[in-house]
Amino acid sequence: MNLSVDNISRSFGGVQALMDVSFEVELGTIHGLIGPNGAGKTTLINILSGVLPPTHGQVLYQGLSLHHLPAHQVAALGVARTFQNIRLFPTMTCLENVQAGQHLTAERPLMPRLLRLPSAGREDRELEERARDNLVRVGLGDRASHPARSLSYGERRRLEIARALALNPSLLLLDEPVAGMRRGEAAEVADLIRSLVQGGMTILLIEHNMAFVMEICSCITVLNFGRVITTGSPDAVRRHRDVIEAYLGSERGDA
Amino acid sequence: MKRFSRFLLWATGCAIFVAVAVSPAISADKIKMGFVFSMTGGAASYGVSQKEGAQLAVDQINAAAGSGMQVTPIFEDDASVPQQGTNVYNKLINGDKVAVVIGPTLSNTAKITNPIAQQIGVTVLGVSNTAGGITEIGDYIFRNSLTEAVVIPNTIRVAKEKLGLKKVVLFYGNDDAFTKSGADVFRKVLQAEGIQILGEQTFAKGDRDFSPQLTQIKSQSPDAIICSALVEEASGIVSQARQLGIAKNVRIVGGNGFNSPALIKNAGEAAEGVIVGAAWNFSSTNPLNVKFVDDYTKKYNHPPDQFAAQAFAGVFIVYQAAKSAGTADNRKAIRDAMLKIKGIDTLLGKFSFTEGRDADHSPVVQEVKNGKFSVFVK
Amino acid sequence: MLEVHDLTVSYGPIEAVREVSFRVEAGAVVSLVGPNGAGKTTALNAVSGVIPARRGRILFEGRDITRMSPHQRVSEGIVQIPEGRLVLAGMTVRENLEMGAYRRPRPEIAASIDRMEARFPILRERSGALAGTLSGGEQQMLAIARGLMAKPRLLLLDEPSLGLAPLIVRLIFEIIRELQAGGQTILLVEQNARQALAVSSHAYVMENGKVVLEGPAESLTSDPAVISSYLGQAISSPT
Amino acid sequence: MEQLAQFYAVYGSVINFIGINALLALSLNFTLAAGMLSLGNAAFAGIGGYTAGILTVHLKAPLIVSLCGGSLMAGVVGLLLGMPVLRLKGVFLAMATLAFGEVVRIAAVNLDITGGAEGLTGIPNITRTWMIFLALALAAYFMATLRRSRIGWGLISIREDETAAACLGVDITYYKVVAFTIGAMVAGFAGAMYAHLNYLITPRDFGFFIAVDLLVYNIVGGTRIWYGPILGAALLTALPEILRGVGVAAGPVRLAVNGVILLLVILFLPNGLASLFTRLRPVAVKTGRAERT
Amino acid sequence: MNLLAQQLVNGLFIGSVYGLFAVGYTLVFGVLDILNLAHAAVFTLGGLSAVWLVQAAGMSIWLAFPLATLLAGGLGLLINAAAFAPLRRRADSQFSGLISSIAMAIIFDAAALGLFGARSVRFPPGTVKVHVWQIAGVTITSLQVGIVLVATLLMLILTLFLQRSRTGKAIRTVAENERAAMLLGVNVSGIIAFTFFISSALGGAAGVLYGLYFDSLAPDMGRAIELKGLAVIILGGMGSIPGAILGGLAFGLSEVLTVAVSGTSNLRDAVAFTVLFAILLLRPSGLLGRGKLREA
């Protein structure tokens, strides 16, 4: 019943972005996905979240195959994500961004609203309260009424996480959650992610900040040129010769 | 930016205030005439002619009247849009309190504006509306423009008689009320006269290229092309027909819409031989008409068309009625006087209103000869 | 040749580069290295003028070019070969090269193209092909050749190895080395730190929009701080 | 009181047209709210107007039945049209809906039941000002409420970022078709009221230039809040009267002033007139798309 | 057979005028991804000002034609400066650009009405000498031939200019990628202004030719061709120059063939727009489009 990525391939007009990628994510853990630029990490997240269909292969989550579902149905199965290039709704406030994320968990029926029934007001208050809770959780409790575009880079990333949390997901896909953050900020996000997992969530994250990845992930998959180099514990990955080469360049052929 | 927005608000407020506050006093020795013409938009070329014709009439009346009843004209533009016509009607009738309204230019607009005047009881004189169903709107609605229903049968009869027409093609604009209803009349009359219709072709308002249709028509070898079009399209049709090699003896027959010097100006040589049934003849020797053509040409530097002539005549008819009613502001009295108009001299000839308040004077059939409209004799 | 003083660049409220200073001597290859998101490309874009500097000054041969428009900077001899190559996909390879020499006098262009095609034979072979049909490596060659067509006095190279297979990466660095031998001044931004340091004389390590370390390239190669900025602090030397 | 009656006598028709145009503009706002640029709403109004007119004239249906019938017919056509065309984006969607509008107009010109170019005549003049503004108020209330409902949140998410919206669980195709269909129904209702205001309707009442006008009302008024399109429609419908009031003569000058005002609004009030009344956030400025090193 | 041949000639002729009008339209779209709805107004003003130059200023058409073309180009610069450049950095520039170009169109229409009057005007008789040829029963006039030739020539020059010249390549570079163009030393805003100049000049030239042939020009003459121009560039593929030419011919031919086949002209525009609708659904990139669907 894990999240299993099974022989996924994806090409874009002849360019092979992913080739036979397979690995398992154990539920209730933090799994890292790393690799140099252009390794295919974001493509993989796009496939897992239903934004892109794979060319081959399948994705199984809790016994259901995800790979042929459109994004909104994947989301309905409890899979939420953030984006590497931050896709907030820039003209909306922080609170509204999170409330937009409640799309699946909120009914917001039209009729009681048109008739001004008290139930509508009650639901709105509950939803707003929940949205505020999520903002507090990511440390943006005091920014509720600020427009998203006025936030700093790091704050935007945290807001995206809050919006994803509004879906009450069981699996959270984070694409570079701490990119552009200062050290203290990243540490807060690390604490947040740990607490989420303690609450039973499963997290798959892409990140370039190695200190962060090594510290919080229990298992790491390394991609390079669309292929899996290795999957293993942080220690094993960090010592893996191919991984070092992939990141720092080959020592052979250097001066 | 803030200043600009404040300006917008301020301007809106002021405009509404001014519009409401200015409801000018009515003076008894001045008759207020409201004119609704299409001075911009699709029908602008007709509206501008009408305004010029009407303005000339007003100037002449006021110059001649001396201390008698003067005319205060209020010209409004409906931009060729029916909605704006409605707005302008309300403004003239309820705001300016005009005694009569002359216009609007387009029949379609008239169909939605004239009921407003009818309801309140203000005389409307249409000077260019030719579609059916206008004067039926009510007993305050008049027109001095001969309808196609009068002009066309006469034209076809004369043409059949003199040219021996047997088979023809009907060519008309199908997205315009004037040209479409003209075509309907043509069709009915042709059938009644036993002339065979080989086929029908249509065009849309604003079209400039008629060669595909004319090519089809040419291949059917008709005796004549019966055409319901306004002058813009008519000029193009006439010149392109000749260019495509449709022989001169295949006459082109048109209605009121063709009756404009612009046809000859635009189509030039190709216009020769075109037969035009109309309410007004440019070269009529009626002294009133000769004077009008002279005065108009002098004032505006170009010859008048039927739109200008009918607008000119319209102003005189209304003035006549008001004078005989002896009032400048009694709307009902003016209407009653209008009903009594019988056989007065106008540049259109002896003019009366029919019982249905439509124009009653004899139509003419003209032919373009040597670059001029002249009475069709063959 | 190039001096950058206290450069700050921001996108909206986000400061991607904060008070960064660096310099490039004539004839030298200098690299900016550091992990993703450190602000390297942003700094480079500020030098080429694609993104305006919010604060700070950029001097080129002693003249202040901070407010100069990008195309004027090209005329001055500052030429950037952008990340992701940005070849003109709908134009032919030859047209791409011609566009490289956009601000040079016309008569010189044909000869320059000949020289470029002699140096990169693949470009001669594919001369009439649309640039979009080239492979990634070929596109990078084209991008470099196109940049060189402008006869740059200062060449700004942005992530030339990005997304390329190891063999091609080696080839690209071969070319950089050749350029260096020919006396070309280069400011190089590269994630592949080892290769970058190997061709550079001096380097700046950036992290979070700031320069955290600078020095002669050789000394940085063995500096554990560089490795840690890439692979995390806990890392020991590879075994 | 007398002054008020006088005002209504002079400006009653302007007021009615403001209401109708505002309702039409609001109908397009449903679509624009989801980021879809449609030029089809004038055609939907036409379908509604003709259907209602035919119901009244030929079947002697009571007004309310005609109005609802027109609205429903427009909705059905909107649904059928929406499913294939809503895959298209931006200008392409605009062109497809424009082509649809032209085909509808040409059909109205050529059909007998619509009365051809002379239009459908004999429609009784039974729409009253209060009906128009009641419908407008209901539509505006519906619109404002809809924005806070599930559909509204979904549509706004789609406008802001389709991919992100999908990942939040928004079924994009469904919501787009719903918005398009609701818009068509409101437009159809407005068209039906218009038909019963004017004694006749003609194909030209619903042509390309009207479609563009609806877009202009929205942009000038502001698309982001429910009263934006109403403001835009009110200002631009009343503009000829306002200009007349301040003494700008009829003809080219008035036309030019019209154009200049439009240009000034679009240049200096990026969120439309609505931004004068409410503190709207500025339209996002294009920054480098999340530039990274 | 004669009939069909004559209809094909008709279609070729009107199609080449559509093509010339649409080329300018599509050029701006190709570079900026923006529709310039003031293009039809420039077309009108181009034609009208040529009449004025011939009639009032007494120029020969051979001088008036290029002058009017240049004048129209100048209007293009004005459109860019007033309606597009100020909006370029706005996120909704596609929407707002549409509206600001409508505003410019209204202003130009007002100018045409104010300067030249509402009535249709024409070139004085004898501005160009017209011969009529009958070839195998098909009628062709020298003016038609001349107009097809001039249109073809202008499109050929434009194509060559874009293919071969330095500035032409710079325009294509900006169309491909503004950022790359900037880095190659292209003055992007200058090139955009120049593109507007060429686009509008071509639109003006189309207006002069159109006016010459149909011999009647009025302030509203752009209205009839505006929608057809839009259809043509969709048909050919937005942004594609050869597509616009091909689309123009295809549209012209579809019009005449509808008349020829059905024998009546009621369906002429309906067929054309139905084809347009179908193309959008089946192949949104048009006949020669670049295959990619641009997002709003």
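For clarity, chains are labelled A, B, C, D and E in written order, and residue numbers in each chain start from 1.
The rule we apply is simple: a residue touches a chain if its C-beta (ideal position, glycine included) is under 8 Å from a C-beta of that chain, and two chains touch if they have at least 3 such contacts.
Model, not experiment: these values are computed from the prediction.
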Pieces of the assembly after leaving out chain B, positions unchanged: one piece
Contact distance in steps, from chain C to chain E: 1
Gap in Å, rounded to a whole number, between the CA centres of chain C and chain B: 74
Centre-of-Cα separation between chain D and chain B, whole angstrom: 34
Distance between the centres, which are taken as Cα means, of chain D and chain C, whole angstrom: 52
For chain D paired with chain E, centre-to-centre distance based on mean C-alpha positions, whole Å: 30
Overlap residues in chain E, where contacts from two or more other chains coincide: 113, 266, 269
Where chain D touches two or more other chains, by residue: 110, 251-252, 255, 283-285, 290, 292
Chain B: positions in contact with at least two other chains: 39-40, 174
Complex contact set, residues of chain D against chain B: 3, 6-7, 9-14, 17, 109-110, 116-119, 121, 125, 198-200, 202-205, 235, 238, 240-246, 250-252, 254-255, 264, 268-269, 273, 276
Residue ranges of chain B in contact with chain E within the complex: 39-42, 44-45, 47-49, 174, 199-204, 206-209, 211-213, 215-216, 218-219, 232, 235-236, 239, 243-245, 262, 265-266, 268
Chain E contact footprint on chain D (complex, rising order): 35, 37, 84-85, 88-93, 95-96, 98-100, 102-103, 106-107, 110, 208, 212, 215-216, 219-220, 251-253, 255-256, 258-260, 262-263, 266-267, 270, 283-286
Chain A-facing residues of chain C, complex: 12-14, 16, 35-37, 136, 159, 162-163, 165-166, 169-170, 191-195, 198-199, 208, 227-228, 230-235, 238-239
Chain D partner contacts - residues on chain E that touch it in the complex: 29, 35, 37, 82-83, 86-87, 89-96, 98-100, 102-107, 109-111, 113-114, 227, 230-231, 234, 238, 266-267, 269-270, 273-274, 276-277, 280-281, 284, 293-296
